[in-house]
Amino acid sequence: MKHLEQIHNQSAWLTSLISVLLGMLVGAGMMLAAGYDPLLAYGALFQNAIFQPYDLGETIRTITPLILTGLAVGLAFRTGLFNIGVEGQMIIGSLAAAIVGLKFSLPPVLHSAAAVAAAAVAGALWAFIPGLLKAVRGVHEVITTIMMNFIALNLSNWLVRTWLSNGADSTDKIKESASLRWDLLSQWFDNSRIHLGIMIALLAAYGMYVLLWKTTYGFELRAVGYNPHASEYAGMNVKRSILSSMMISGMFAGLAGACQLLGTSGYLSIRGGFEGIGFDGIAVALLGANAPIGILLAAVLFGVLTYGGGNMQFAADVPFEVIRVVFAAIILFVAANLSQSIFSRARGMRREPHA
Amino acid sequence: MLDVMANILQTTVLYSTPLVLAAMGGLFSERSGVVNIALEGLMTIGAFTAAVATLATGNPWLGLAAAMLSGVAFAWPHAAASIRFKADQVVSGVAINFLALGTSVYLVKHLYDSGQTPTVQETLKRMPIPGLDQIPVIGPSLFNAFPTTYIALVVSILSYIVLYRTPFGMRLRAVGEHPRAAETMGVNVVRMRYTAVLISGALAALGGAGLSIAIGSEFNQNTVAGQGFIALAALIFGKWHPFGALGAASFFGFAVALALMGQFFGLTQYVSSEVLNMLPYVLTILALAGFVGRAEAPAAIGKVYETDSR
Amino acid sequence: ANNQADGGFKAGLVTDTGGLNDESFNQTAWEGMEKAKKELGADVKALESKRDEDYIPNLTRFIREKRDITWGIGFKFEKSMRDVAEQFPDAKLGIVDSNMGGKIPSNVVAVTFKEEEGSFLMGVIAGSMTKTNKVGFIGGITSPLIKKFEAGYVAGVHAVNPKAKVEVVYAESFTDEAKGRTIAANMYDQGVDIVYHASGGVGKGLFNEVKTRKKGKYWAIGVDMDQSRLAPDHTLSSMVKRVDVAVFDVMKDLKDGKFAGGKQVELGLKDQAVAVADTTDKYVPADVMKKVEDYRQQIVDGKINVPATDEELKSFLKK
Amino acid sequence: MNAVEMRGITKRFPGIVANDQVHLSVNQGEIHALLGENGAGKSTLMNILFGLYQPDEGEIFIREKPVKITGPTKAAALGIGMVHQHFMLVEPFTVTENIILGAEPTSRGCIDRHRAEREVREISEKYGLRVDPTARIRDISVGMQQRVEILKTLYRGAEVLIFDEPTAVLSPQEIDELMEIMENLVREGKTIIFITHKLKEIMRICDTVTVIRRGKTIGSTSVKGTSEQELASMMVGREVSFSVNKQESRPGKTVLKVQSLTVKDSRGVEAVRGLDLEVRAGEIVGLAGVDGNGQSELLEAITGLRKAHAGDILLNGEAITRLQPRAIARRGVGHIPEDRQKRGLVLDFSIGENMVLQTYDQTPFAKGFLLRYPEIFRHAKRLIEDFDVRTPDEQTHARALSGGNQQKAIIAREVDRDPDLLIAAQPTRGLDVGAIEFIHRRLVEQRDKGKAVLLMSLELDEILKLSDRIAVMYGGRIAGWLNPKTTNEEEIGLLMAGGKVGEEVAQG
């Protein structure tokens, strides 16, 4: 993860920008090879994603959970943990939000706040298990979080069918009082499903920044992430750090679930498989160098391409999947710092190893 | 009772075969010090290529060969990014997963104007080994299995021999533990890691191919559905050892079999099928927490290796 | 998929996450659209949904294009359809496979099928033809829709062969082909000789497995479309669900000025919207075919009330 | 005849010229010392000779023939072998596997284990390097590991052996053994290039010495015609004082009291067994012992990093036996850990952050739960100046500092916390004489300020020079107490090896 930090300096911004362009070029090449018109496709993509208020609102809605899952993955990475379980923690977050939204009756603002809080706590608890196993038994978090994803999926389906809906495929809509929708906001964006989750996501990003770089506890989390041995020598509680960083990560994931449920869908349904927003979070975090601002930007890019990509198929007949290829290419280019090596070759310099 | 055991064993073998192959792939890469979270993607591209090639040629063996080639082709950018360009290996692996899923589904839609390939008729069939397949309980599962199962077993044993008995394997492991030490002994770290990652691509793709032209008969975006990640888990669970990974993958298949058997025995009257479905995952976690615990990764895994002799 | 509008009739179709060519209801629905293009000169277009959250924007896109009708295919559209219907009261919408909990907005037509009726006939075939008195059913994800298949099938088996036992296993997936194969293999190994499935892609595994088994001894029964081409020598029958017919009929009515908004259009054997596949007589002997026809008539005539839920099945079996 | 000649070697790294027209010529069959401060460019030069780095300029001659050394394989073919400063051993592998790696004997495609082990045994007997060919590296002592390193070069038929700071990690006995081995090797006709910071070793065993400073050759001289003092000033460029000026100690009250302490190591074996120890204010207690006799476990127990199995540890009369590391540190224990990069620093943190690794949540560095970076950096700036840490600024990552400066940063941090008890474990390992001098002065300064100092070192020199009392550890116990004024290295060595000595100072 080390050299991703360099994204913070300005030449890295340039690198990212060039990588995005190169990535889109790869996508264009693929479209040309298959006989599609890339200009038409990309035109449709951006036109769809940002130019209409409705679509802009929907794009922001798409971005919202990506920010949160990106933060979840990024925070864990920062503290030396690989949380592949964001997907599952998000499912559990949705589940908790649904339970509160359906089974409780509270006044409007309080109700949604309670549902959001429940989702955050549930996500944190779901991440607590792999955290605990890692801290106490040294079990690799990659395995446990992968397994926990599948457990979450089945658990959610089971509860939806047996408890939350009386044998149906999906629950009822949550009570209006628990919703994160805000009519005024929706109206600004032409009745799209944009919701207050975006505020939660932005706050969470700011929260991660403050926590990690401004607070004493974040100092400890980062120290443990970089060097658990030295941290232990300095008197920090390494196990507690692992636990809390997993839980904060899970909390972000849970919030993403809350946003999806309380803002976007309004109900929980039986899932045939993973939605993948949690896995997308891995890409968002890595592209965003595990830093809040980077994650925000990466989520925007991801969101625009994802939502706009739907229109590409509509307007230019290009299969949506080319967007995934574009992503992959961007990530590879950024990670390999390819543009930089192209530059330095142009200047006749040799690549030097970094410390 | 015996036929129940035979059934459980059969399901175990069926389910774990692709996992074993992919885990062996991961083994080579990670033993050489390159994290391979791209197993999922490599399986995906293998499944895709196998289906397409078999549809085109009518010969599933050519399908397997083509799948291995495609695995090598998609492992190559992972190798190049993480070895040559010193990218973060997790990042690069995640990118390969996107790349493989994107490319394969894109091509399926382009080629067949559909979300899945047409049904492959010429799939690999079960191959009974005369005589042995008559042994009660283990006969029908182990000796009347898909060719991919035999391949998986052979690959596991070969992996062990190659990694622990040959100079190549010893160098590969040395590169994963202490690349600089290996370099001072004249081992070409970069070439070694490239080779390992490419082998990894071929094997993982082979595992994926089993899903589309042996057990299954088509490719769609759900064909692999997370099995690459399970294979990765099996590799870690098996402590980066060929037989460990083989055991872990089989354990997982066994847990799936148990969950299915539960339904046959009417357990669903007492517990929901969803709950039974959690069993494999819960069992894996319990096994890890209870018996296996800390697994020690190759020391240099995930670390970028800086050569100075350019 | 662009078409000239002739007579100005425009229709849109949004698939669920299964996609357009899913060899299932999305695909048959699209066939209905294409028929509308041919016979009604309609301008038809489709949008595929990647995730559940895409349903609303996709429906909205067609509505904003002022399409005369916009279809959402699959029960997963239930909630989204309601939202969109309320937001755009002037738009006309159609949903397949859901009655929207009985409360159908006035601008939505809800098309559902009596899958249990067709499944009952599959049960009749299986119950009549089993040699082992053990037949199987593979379900996808446990849900009311799949329960309809199960209940009808079990009832049908029971009706012709009360001694026969039905093994029911849910894969808890609609996509895991390997699991389908494993379940099928296990069923056959345990003496089941005929397996019916209602499990989407999981069912492919059933056909893969049965193909490798002895001809004339092990059988599969397909669902949604005629699936006999998946295993031509091992398929007894398929329960066909004519989404195309339903979709086309609704659009034809609409073009003629009749729109069944706010109503549930429930189609069964009587409407020939669920049916026994044409290829069934290939391996099913004439006497069984006759039995099937008898039961079909009784159901059409309302003499048999086919159960559609676990509870209804329980009381049906008691009789 | 010249075994090796390097002419006009220049090697540049980003921002630094590590070797600047360096000249080195080594005679066949001699032991040639390479001397220089930390960062002078010794390792770089040797890495070039071994083919790991390519020089930007210059020529190399082996046995008077010009060569291009493109990689370690080429170097091995030319008969050059290197024992690296940081061991190049694959820990989970066996001794044999490490030795044959890259040149494995095979039969039918597989490694011929028996032949390999036989060959290893043969060479090790020939040169008197006893090792167990089947042991795993992680299970054998550092001295053994070094023998494996030497065997690796011999297995490949090395004629010229480079030893890069081989003695830094060895106990006195092991150093003696190594010297013997080196003499053996020369007797067998090998040539040795020997890098060390210990002038005494050069005087003892080398024939010629070449001094480099800041990447440039200062000169070459025969060891016979020079002295330690002269070498030191050649190397540093100024006079260096070897003796530490310190007054008589005036011990005060007991700061640390360890009573019948038993500690188990990671494998559950008792590493410390019923040990008693006292350190008083205003004295330096030197803890000598062969590595692995429980010193590390003792220090870890005192600092709270390892649970005590039995016994008590009192700090200023209060039990700290069961306290967490943080609580112990706050009660006044400073700790300079053995392995600075692993334990002492977070290499990816700035110097500033590293300087507050224990105190980041206290005033003035934090207000409530918020960090105050301006204060943190101000603090770091002061320490950097006070302790002469060579770094561009306080925001530089610790990784970018040389080992010596990293060590200075740790000492600055620990001393500045003003602890009653300062534990220093191997504080000068691998450092050059200039840096050692500085650190020694700081430790004595602490003592004179009335602090209790517990110094653990494998360097008997250092122990003798700094300590007011010496405790020798053997087998998890204090084998004996010695008075530095009256004892000598031989006596300490004897105790360290488990022997008995007549004169001991009374404890307490």
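Per-chain numbering from 1; labels A, B, C and D assigned in written order.
One rule holds for everything that comes next: a residue touches a chain if its C-beta (ideal position, glycine included) is under 8 Å from a C-beta of that chain, and two chains touch if they have at least 3 such contacts.
A quick map from chain label to UniProt name: A = Putative ABC transporter permease protein YufP; B = ABC transporter permease; D = Heme ABC transporter ATP-binding protein.
Since the structure is predicted, the reported quantities are computational estimates derived from the model, not experimental observations.
Counted as hops between touching chains, the shortest connection from chain A to chain B is 1. Of all chains, the one whose CA centroid is most distant from that of chain B is D. Looking at B-C and A-D, the interface holding more C-beta pairs in contact is that of B-C. The mean-CA centres of chain B and chain C are about 35 angstrom from one another, to the nearest whole unit. The distance from the centre of chain A to the centre of chain D, each centre being the mean of the chain's C-alpha atoms, comes to 46 Å. Centres computed as Cα averages put chain B at a distance of 45 Å from chain D.
For the pair chain C and chain D, the distance between C-alpha centroids works out to 76 Å.
Multi-chain contact residues of chain C, defined as those touching 2 or more other chains: 48, 142, 172, 175. The multi-chain contact residues of chain B, meaning those touching 2 or more other chains, are 222, 225, 272, 274, 277, 308, 310. Across the assembly, chain A contributes 2, 154, 157, 161, 273 as residues in contact with two or more other chains. Listed by chain label, the pairs that touch are A-B, A-C, A-D, B-C, B-D. Listing the residues of chain B that touch chain D in their complex gives 161, 165-167, 170-171, 173-174, 177-178, 180-187, 299, 308-310. Residues 77, 80-81, 84-88, 90-92, 94-99, 101-103, 105-106, 109-110, 222, 225-226, 229-230, 232-233, 236-237, 272, 274-275, 277-278, 280-282, 284-285, 288-289, 292-295, 304, 306, 308, 310 of chain B are the ones that touch chain A when the two sit in their complex. Residues of chain C that touch chain B in their complex: 18-23, 48, 142, 167-170, 172, 175-179, 181-183, 185-186, 189-190, 201, 204-205, 207-208, 212, 229-230.
The residues of chain C lying in touch with chain A in their complex are 1, 17, 45, 47-48, 50-54, 56-58, 60-61, 64, 75-76, 78-79, 83, 87, 141-145, 147, 172-175.
Partner chain C is touched in their complex by these residues of chain B: 3, 6-7, 10-11, 14-15, 18, 112-116, 119, 123, 125-126, 140, 211, 215-218, 220, 222-223, 225, 256-257, 260-261, 263-264, 268, 272-274, 277.
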